[in-house]
């Protein structure tokens, strides 16, 4: 029930064309209805800052194409994550201006210009080159929400000077996303160097006892550097989303 | 080497009283020295905003008392976490004004007044009463850093209306810490209601397959609500620290 | 040994044509024989309410087709779960009226009309669209046993209002099956809203620390809502079967 | 807002003493309020059948005594689970008629007589004598809700005839709770003999690779007998609660 | 129903004092009864060779004393495993001739002389001195069943010559129980030297990644020596029992 | 060094053509040499009863064919396990009389007639049809060593009467191998019915929390039936080998 | 900044063509620059002994070919590990003299002659033939760094005499790498025979509870032989690298 | 048989007082005897460099005291690890000069002076103060074997400059032991800075997901710094022993 519909109902009641019993019944049932439109309001507000994002994994190319078409029809930014080449080809037919990032495995369109939405820059740091897909997914998410993003790659802790020589970059960021697999030590070192929020993303790179990212995840949860928070293994999108919330 | 010492050295070289070889040798060794004093500066800056916090676990009462005395001597806020009654009794002798929160198991003194340091309020939400110690540790950490904090307790998802009836509180917060054990579902529901950073803290409450907090941790890492980040099991301090970084 | 065969034996003994030793020997061996026909009786009774269901996983298309043919020859309802397209093609030759549900991956024929067998409706609720195959398997099982079933899909906890706006549906059900992957929080919220049995089914959707459904399983076993019971990961059939037992 | 308060408000609006804007504002805010009283209604209904149960674990004796006093003051049945001797002594002071079951570790008072609330009897079956505490907790819960309960103990699968000789008992039950530790095989055998709901409760008895009940839990989740549902390790209360829901 | 009772019944039927209907009814119900006495027969046979053994863990001293008294009253051998000093003191009062092995933590009485029951000797081999309690429990079990047993201790693989110099002992045994913690490698080496059954018993000795015996258990299950079978961690009793079955 | 070579050496020393120093050196090095030929003796003895078995997994078809050829050339029985169709085709060229069991995935030739080698029959029991490949591998191993073997299939515990009606078969066996996946309960029931060694083989059948056989393995290690021993998941060969050792 | 560049700068300052402020600014920024060239120096030194090694896993053939070309252009030894046939074909085009070891899955060129770089020989020992790929990777790494290496294969503990008869080889080595899967017992036996560093490498061979090498890893970490150190599962490269460090 | 005994035997044979048959029999039986004295020789050699070390865990104070007395009676160095105060008090009576290190929990006597046995210094580095007990156990072991040892403490990666400012110490060491709990990142950073063997020791410090050292262990096994080897959790002794082997 919209506000206007509610107004009409109340006026009918006042005029007597709607009984008290009927009105009470409608109002009591309004609980869920009003939650309904509160949700809508909330969602709309949310969408302005954070548009809908499509997780392609578990969806068919046709489903992703259909959702993409609707989003673009509303002139909203489009971001689809974990997209295969097949997903992209289907979307391309509905949304000709869509482009595909084969490293990040993202489809995007209508990406806004980096604007004043965020207070500063989100920096995405990776330990090794095999962490790039997750880092690119995080970066694509940040861009999609209109925030500025920079990348600093392949500065893993076994060559600590590579990281230290880039400390200026670290200190200019407002939020830092650190992406690392294997032993997952990089967030601890970065976290000890800066005083901004650090979001750690474990990746499933490595073999044997890396256990598809569990070793890195545990390292990050047990970081001796205070204030680090962690997201699921390979969850670049989640890290990017959280970074934008922190950067507003 | 300070800037003034460096000036003196260069002038001596220009005058000829220091050889080129000697100067090159000093400059090359500067690498670690310069890092040395950068560290000091950085640490000092850090300490102004975020004073040292003592993790009592694994330290003797005497050690904790000694460190506490030094912190208070520098007129800094004192916070000691995971403190036993024995730790507190030892600290009390050195720092008579220290107080003990037996729920949070924290010792504190010189806690600053909630000031304008943070942009808003940090809200700590718990699923059940057994999550209180971790929530109180988080709250004590936030207070210690001079930020405002509020608590909303016992609003677990099995009685979802308890949470929904407090949605005003949720929407006024700038950062939300959600503390939950057992199935750890509360952060997902809260994360779906708000558009500020949500930090999830799994607790070791429960029995059987709660596996001392692993069930809750996994639920939080797999949350279907975007933008939630997670800290180690029972790590109230880490959540409070991260919340302050996000709230600055 | 049937009752009539037993009568004959006893009469022969009374007449003397069967020795006491022989009779004692037959009676002692009766232990397993009588269990044998008790089993048959029991099985027959069971089949009337709950016809045989074929688990295709680990069976060849030819084996499934042969079993299907025999079931249909007895004019019984046919249900085969975890069936591939190949399984269906083989069955189709033996049982031309068989149909295939490619989402649920079930083959069925002779499905009874929803009848008065159950006291009420079984409601199957899912958290997300990727939980649909498991939900459909549960629904197909319920239908096969002649009970009424309804579905309520994509009402995960991160948008809690979607679920609350459907509370009428929840309150009309006699048994509720809740299917969820990722953090598996939905059964706790549903369980807190209703006073009928809730069966939770974890699904293997998600990635990283979802561990193919373990995260959801642990959440469900640790639910803070009383009275929830749980089945194996992706076990839609088991949930449907249990729901019918509860609904009789 | 009660129904009467709502009536007053509507009449004031009709009379003109309340503005349309004010009424709309109140009605929109009703969403959470109405959920509020819906919750209350729901809770009241729930409490009539299923009174509040206190989980003592993680609560002090004083807290448990206080809650017990309030429940008994409302003339409701009292059940407190996982209660230590200390918990009981504290309750005894507030509620002199409270009694303690030291095997089940439950405190109870005002337990209703087994009534016609349930359609039949709940049977609690155990594999061994060390499973008794969990079985007794389940039985106490069932009794507390006014349902009939019977116990059948020490009929583990290594002496299968002990169970088979009691098949009459199994066939008379309306719901069966099977409590077993170690290899947790009993629910599979029971589930294959009956056509009523079987709730399996793994217990933490055993040593070595029983892993405090995980071996039994996994066996139960993987049961080859259809229709078995499972609760958390040692969760006798949850099994009893679910059994009553199924028995209504 | 015993065989004699059955004879009486049949004769009454033949004489006419028992009706056919009554006899059929008794015979049909005999299914479980006959299983009952089959069980009894089986149990009696079993007890002759393998007397009842009491697992003290989870039983009170009074319970163990009561069961012990009954066993000894039947002039049977008494063995109680995982017995504490308290268990023994209680048993001692009922069974004055009972003795306690504080290493094996077993109580015994009426232990038979090593007889011709087994075809050969059971050899119990340990890797280290901390494996002795489990080895002694296995040996006590073997002795209790009237078989010959010998021990060979502290011949772990890190000093392989200690084992090789005792190869005569290995080759004289009919069944070998190998008890080892830590890396659990000894059964593989022993298994490669002999051609008799080898039962491997992992023990919970060690620290860190020994995971209370899991490391040893996994090693034993993955042994490259063919024909090794494994029992639960620390299950000396089970190994001794199985060895006697193999030695008959 | 053979005994004859040693004799020659000693005679040369006695004659003086070999120095004392040289002889001492040869004799000291004999330690490993003598172990060398002891090994050969031991191996030869072993091979007479237990011929070499080829594990194809991790070997190329060419390697398996080459080894097979050598074994058959020595007129020994040939058994190759975990063999693919490709392995068989390669072997077929070298050993035309080789045959392939596609269920057991074994290649065999020169299989001896069931002889008097074993004291009795080895019975292989399975819980379900999907356990057949492992059961067949066990049976093929037993046959290969010249022992008698019988199979009893699909007698899982959810239909306990199927097993009980075959108790005669169980009681005639000298050693029983029980193969089961899912909840792995069958060995406990069988172990409670017989007094011969029972070897439990967990299989990787099932899904979700069966964890590729871990659920069944844990159940078997925790069996409440005494005297059961366990082998690795899917290790039919190991069970067959151990059964033959026990049956000699 | 190279040393020569620094000299030039200092001379310009002395001559007055560079200001004191400018020089101080350059020197202060040198911190990271000097770390930069310290790293370079360090790296260069390192590369002389330990050239760069390419981990192909996670890199495209084109990327591996490009890096290979640059390494060979500097006349350095080339080693690429975990290389597929595709990786090799791409490298072959850029580096015609490159050769491929299909067992070790390594690409190499410019491999130095075994030189006096190491003090002795590195011995690589394997338990079974399926451990050869990892052993060959270790050997290729050792050769690449100019050290001598020997292999001793298929001497697993189930035939302990095979190992003992080769004790001379063991005692001649300066560092021993022991590669084993399944129960991983070989390092313990080898470690007990020698007094040089033993590096244990678990491999992912085996099935069922080998858990892709975890069983072997745990056995090695819990070895009762002192002084054994362990690397990641299947990490032949890491073991070879560590062996060379120990052999220098 | 000693070399001298062997000489006597051979001379008797040459003189004819010992028959050829007798000599052959003695020589053939020498296999195990020679292994016997080879073991003795080996052990003696080993003991000169590496004296026996007593693991107190699992031994009574009396046992430890008895072994200590024998070692000191042979004028050998004494080291007992994981010793409680009770162990020390018992040893003190037998060996008055024994001393106790309550941090390392070691008992020692006759510790040799740091000598020329090792080629260089062993450096023990710790991440935090709670890692000290394990570090001290490692250091005590190194000292006991006569090698030089130095400690560098509390240089964890969250304050990376603390470590970098001590790089001179790192570069002077011949072998480095790095002790760390929590996220276990320190070995990766140290390993990237040096070109000597680095032994990583995970410690059980931390809470929640540190899982008693598993998080640190996994990080170390997955280190991106080449050449790091790892020992069991809290195994300071093993690290010290291995370091001495590498330093010889």
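Chains here go by letter, A, B, C, D, E, F, G and H, matching the order in which they are written, and residues are numbered from 1 within each.
The definition used in the following text is that a residue touches a chain if its C-beta (ideal position, glycine included) is under 8 Å from a C-beta of that chain, and two chains touch if they have at least 3 such contacts.
Not measured: the values here are computed from a predicted model.
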Once the contact rule is applied, which chains count as partners of both chain B and chain C? A, D
Chain G reached from chain B - shortest hop count over touching chains: 1
Please give the intersection of the contact partners of chain F with those of chain G. E, H
Comparing which residue numbers chain G and chain H contribute to their contact, where sharing over half means same and under half means different, the two sides are same
Most remote chain, CA-based centroid, reference being chain F: B
For B-C, find its twin among D-F, F-G or B-G: the pair where over half of the contact pairs carry the same residue numbers. D-F
Superposition rotation for chain B onto chain D, Cα-based, multiple of 5°: 90
For the chain pairs D-E and D-F, which is connected through the larger number of C-beta pairs in contact? D-F
How many Å are there between the centre of chain C and the centre of chain D, using C-alpha atoms for each centre? 25
Taking each chain's centre as the mean position of its Cα atoms, how many Å separate chain B from chain H? 39
Gap in Å, rounded to a whole number, between the CA centres of chain G and chain E: 51
Tell me, which residues of chain E touch at least two other chains? 35, 38, 159, 164, 193, 208-210, 214, 217, 221-222, 226, 232-233
Show me, using the given definition of touch, all chain pairs that touch one another. A-B, A-C, A-D, A-G, A-H, B-C, B-D, B-G, B-H, C-D, C-E, C-F, D-E, D-F, E-F, E-G, E-H, F-G, F-H, G-H
In the complex, chain B residues that touch chain A: 35, 42, 45-46, 49-50, 53, 164, 193, 195-197, 199, 217, 221-222, 226-233, 237-239, 241-242, 244-246
Looking at the complex, which residues from chain H come into contact with chain B? 129-130, 159, 161-162, 164-165, 167, 205, 207-210
What does chain E use to touch chain G in their complex? 127-128, 156-160, 164, 182-185, 188-189, 191-193, 206, 208-211, 214-216, 218-226
Contact set on chain A toward chain D in their complex: 3, 6-7, 10-11, 13-14, 20, 23-24, 27-28, 30-31, 34-35, 38
Seen from chain D, its contact residues with chain B in the complex are 32-33, 35-36, 38-39, 57-59, 202, 204, 212-214, 217, 232-235
